[in-house]
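One chain, subunit A, links the two complexes that follow: it is found with subunit B in the first and with subunit C in the second.
Let's turn to the complex of A and B:
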């Protein structure tokens, strides 16, 4: 094959197949360019940067939704694109829609709370859009290189966003901590990737499972040095992913970064980067075990699944216990984010355990995949619910901060009398975070715990995970209710700043974000149905 | 390059990685920590290039190394800007002095 033939082939594939599958990312990239050019030519004085951002995101969202519909009809088939670097399937498109929708909501929030002023607007929205592109790449990564590029593209703008309030001491400290930990974790992960790619001779994720099988052969225990090196490399990649998910013991950055950053940025990081990292984690786990019908189950991956379950358990417990002592709302929500990452990780652990059930468990390979798809379905449902409850909580914190200039819980005393709308919405968000029916958060937890319950039939250790998860839900009651008690039952002290948020756009925004938590109960069936098709698409 | 095999390259890479990790964890100076990160990234790069020479990874390894160099540069730029901002606010880049946020 001559170079010319090869080149024509690549160009042909790029123009006919790849570009249209990569559309949403390209549209967001174009929005960034428009933002920067507007600033260069001074157009941003007439057209506010947030309008450019919103319009760009809406077009991208429309495009992604269209892709989803075409995918369901089968006119735009799922498959690899960009010569196998990226993957286009229901899972990718679902996460794209999720991220773009969230991006629009966050942009509206920043407009209402006014965190980037008109002068800084283009910078802020460039960073916001840039990190979202990274997240979309993470959700579609099909190659170890794209995995790393996606994570870096997400992280680097996030560091800058955390330190965006340049003059604040806390903000600069938070950004420094975030960048130091983040760069370290990324370096360790890259070393792991280099070992995996070198040992297997490929970076293509769909080939990994097969190559591992060839490499280790029958030596599927820890005796063989090859298996041990490979496990070390896999653990190194998990270090990078756990950092993004803020799992114990890589969670230090999370409370500090959230406290130092503005509430809008914290809300953005807590939802979007978690969702993208979970997408990537699922892809990586499936690449390790292989998704082809009849893929051999391996005791090593069963062990890996149990290890993930252990980390999930510790993370959820730690997050909930550490939240008790917090006096700052954003810090409290940061620990609550850590705890929720733990709950969601339980679904991933259940997936790994179910997928690698030993033959003694009496599951056929088809049943194993079906049950594993069920865990992913639960996780996706949880993510959607989590978007609304966490964004709602952070939005309320941001709006209250604009009025009373404080994020300390003690300053929230008696707010319910002055701003009933925000406080009632806060109740809905926090109660949903606890997981009390009929809030949507309850169903998310229910689905995740149901899959952990299924996996407990495969291995007894998952019973422990299940029980710890259930007990954690009770733990978390106290600190969420503490905030509500301060807001509703305490008297507003004399001389405290008054707050007045009537039903202006901010009030309506908060109602709009929290309403799905109550309304989702009406359309649980549709959402689970969508999540089910998306999850099943991963195993085709 | 005759007689030099993959093991030696991997050994150098591993030594670089360990040096980088030690540098990251023990330095108090923010810039020192970032230098440690660079060492770790370059250890991985050395692995990629060595693997591309000796294993079926082939050109993929070199392409990956190129991308990593670019990403490392971008990361270093942002990290240095953040370190400078920290210096402006605290008049030091000692990472141990970043202790106002805790709990």
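Let's turn to the complex of A and C:
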């Protein structure tokens, strides 16, 4: 095969297959260009930047939805593209739709809350769109290189967005902390990636499991130095991902960054970057164990699964306990985000443990995959619910800030009398975060805990994870209720700023975002079905 | 009307009523209260339809109906009533209606109050009708939030503390129940035989009783699950040592909410034990029977002594609830297994179960009545200090009459509703353990002691010397109506206890048989395992 033939083949594949599969990302990229050109020629004086953003996102969302439908029909086959750098399957498209939908909701929120102003609009939306492209790449990464590029493309615009409130010292400080921490984590992760790629001779994720098998051969325990080095490399990659997921002990940036950033940006980071990082984590874990029928279940990965479970347990507990001491709503929500990352990570731990169940556990390889898929199904469900409850909470914080110029919990006293709509929606969001039925958060928790429960049959340590997770529900109750107590039970002090958000567009927006938390009980089945199809697609 | 429509409309009429309240103008308080009363009255009438079509000779579930909800997880919207749940459904809708009538004293944020009240009623009715564990759990937890706000916003001086304490305690119980629920759910499946997991309480009960070939809950699972469930329900019941939320919550809650708490919410603990903990783990129930009786006896005595020591009128009534609900626990658990492994004195146990159930109904009437009586006087003089009362009999003779009637019902005077439950529980306890029966019986005397002493301190004596003596006016028409309805039921249940016994009898009989069989099957399994191990 001559070089020319190869080149033609690549070009042909790129033009016919890859470009079309990469469509949504390209559309968002084009939107960025339009935004910048609009500013260059002064068109943004007539067409507000958010309109450009919204239209671009909607087109991309439509495209992605179409991709999903075609994928379900089988007209558009799943598979790798860009010569194996990226993966196109139900999981990718599901997360794309998730991220684009979220992007639209956040954009609408920024329009309503007035951050950024018209002058800064193009800059802000460019950053927002840019980081979303990074997240979409994360969710479809099929190569260690794309894993790193995706994370960096997400992170760099996020740093700038955190520091976007230019006049505030706190905001700049938050951005700096975020950058330093992020750069460190990225460095460690890159080192890990280079170790893996160096040892295995490939960065192609589907090949990793097989290569590891060849390399370590029968020596699948920690005696072998090869295995130890490999574990070190894997842990390093996990460090990078843990940073994005704000897992303990890599969570320190999270409360500071959230407090310094505007509530809109904090809401965006708390949901979108979590979702993308979980997508990437799942892909990486599956790359390690391999998903092909009869993939070897290795005690090393079982151990890894338990380690993830331990981190999840500690993260959830720490996040909940640390939230008690907070007086700032955004910091409180930041710790709540950490705790929720812990809950969701439990599903990943359950997946790893179930996939690598020793033969003594009495599970066939088919059952192992079935149960592992169910864990991911639970996680995806949780993510969807999490989008609405967290965005709702942050949106309410942003809208209230616009009226009372404060994000301190003590300034929320007696708000329920003045703005019942926002406060009732806050109840729904926070109660959903606690996980009390009938709010949708309960269903997400149930599905995740159910898979952890299943994995406890494989290894007793998962019992501990399960019990700690369940008890954490009680831990979390108090600090969420503290916010509600301040809003509803306390009297508004004399002379406090009044707030008046009637059923204007802001009010309707909040209702629109929180309504799914109640309505989801009517269509839980449809969502679980979708999540199940998507999750099962990973194991084909 | 088809069954599913009837049951669903009973549960969700209050919800719809609560949504309709949104349309009212916030200033039109009177019409909103009327609407709330109308909705609860409609719900009560709907439950009477249930009573009309109920066949009390039939032991099993009636009006059953199932709609798939999350088929992928085996969750169904499954409803039904039997002789155990029907009386409680009636009690709930009745007490809700009366508590709504008592809500005229609420003047703050009326719209929010009424909406939460109606949502609470939906949760309560749903718990008593759900036949799917998942659905049961959802309704169980749905009540938490309205209750938190009802106590927290409209409560007394220490309302915040009381509300959060109530929430935390109940949520801990909920989490324990959640763990047990998952244990049953995954235990009910066997993938090698293609048996899918289920949340269906009736099927789970069959599995627990060892009636389904292929799957069973092992004695260990039953014991663990029973402890988890029991703690969850004991918190609600409440029995020692999980009762400390109750005096706070009951005292701080506004009068109508205290009526609901004492009249209905406490019954959920007992109902949960009868509907879930007992039938799903008969082995666990027998294993823990002595502990249950003991906890019950301690609750009776502790509650009575604590009540005697109170100077706050409402706190006294609250502790009397702890004492009275102890009888429920004793009555349920008097299950003796003889040396030959067969139930001894089965009829006494059936009697105890029936008495426990009756005690729940009787207490539902009498405690709601007592809280209402306290509320009436508190509305007038704004204090509840027993030592500052006295001489009310001369000032408010009608009120004194109602109060005496309802307090005697709580005391267990023959001819009133409290007597039947207490006396039958004591009788069945005698068969179980003579020593414990002595303590149970002495509880009756203590009860008489603190109630008579209370009546003496509040109503008798030369004159009222407390604050606001000018406010001691006669009861108004609304208050008379509530009190007379409660007194009416207290007398009817006391004189014709068979109205209720005939409703619940068949179902109780069946429950006892099922648990008996379930225990034998579980013991059989244990023996089989031991035999195989010996071989």
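Criterion: the second predicted complex is superposed on the first by the 540 of 540 C-alpha atoms of A that agree within 3 Å, B and C clash if a C-alpha of one lies under 4 Å from a C-alpha of the other, contacts with A are read in each partner's own complex, and residues count from 1 in each chain.
Everything below uses one rule, namely that a contact is a pair of C-beta atoms (placed from the backbone, for glycine too) under 8 Å apart; a residue touches a chain by one contact, two chains touch by 3 or more.
Just so it is clear, the model here is predicted, and its values are computed rather than measured.
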Clash or fit (per the criteria above) of subunit B with subunit C on subunit A: fit
First, second, both or neither for A:488, with subunit B first and subunit C second: second
Touched partner set for A:438, first subunit B, second subunit C, both or neither: second
Partner chain(s) touched by A:427 [first = subunit B, second = subunit C, both, neither]: second
Partner, of subunit C and subunit B, that touches more residues belonging to subunit A: B
Touching partner for A:156 - first (subunit B), second (subunit C), both, neither: first
Subunit B versus subunit C as contact partner of A:12, first or second or both or neither: neither
Touched partner set for A:450, first subunit B, second subunit C, both or neither: second
Subunit B, subunit C and vertex subunit A (Cα centres) - angle in steps of 10°: 140
Which of subunit B and subunit C A:186 touches, first, second, both or neither: first
Subunit B versus subunit C - smallest C-alpha distance in the overlay, whole Å: 24
Subunit C-contacting residues of subunit A that also contact subunit B: none
Contacting residues of subunit A [partner subunit B, same complex]: 144-145, 148-149, 152, 155-156, 159-160, 163, 166-170, 172-177, 179-180, 183-184, 186-188, 190-191, 193-195, 197-199, 201-203, 255-256, 259-260, 325-328, 331
Partner subunit A, residues of subunit B touching it in the complex: 13, 17, 20-21, 24, 30, 33-34, 36-37, 40-41, 43-45, 47-48, 50-51, 55-57, 60-61, 63-64, 67-68, 71, 74-75, 78-79, 81-83, 85-86, 88-90, 95, 98, 100-103
Touch list for subunit C against partner subunit A, complex: 68-73, 109, 112, 137-138, 141-142, 144-145, 148-149, 152-153, 159-160, 163-164, 167-168, 171-172, 175, 178-179, 182-183, 185-186, 191
Touching residues (chain side subunit A, partner subunit C) in the complex: 367, 417, 420, 427, 431, 436-438, 442, 446-447, 449-450, 453-454, 466-467, 470-471, 473-474, 477-478, 481, 485, 488-489, 524-525, 528-529, 532
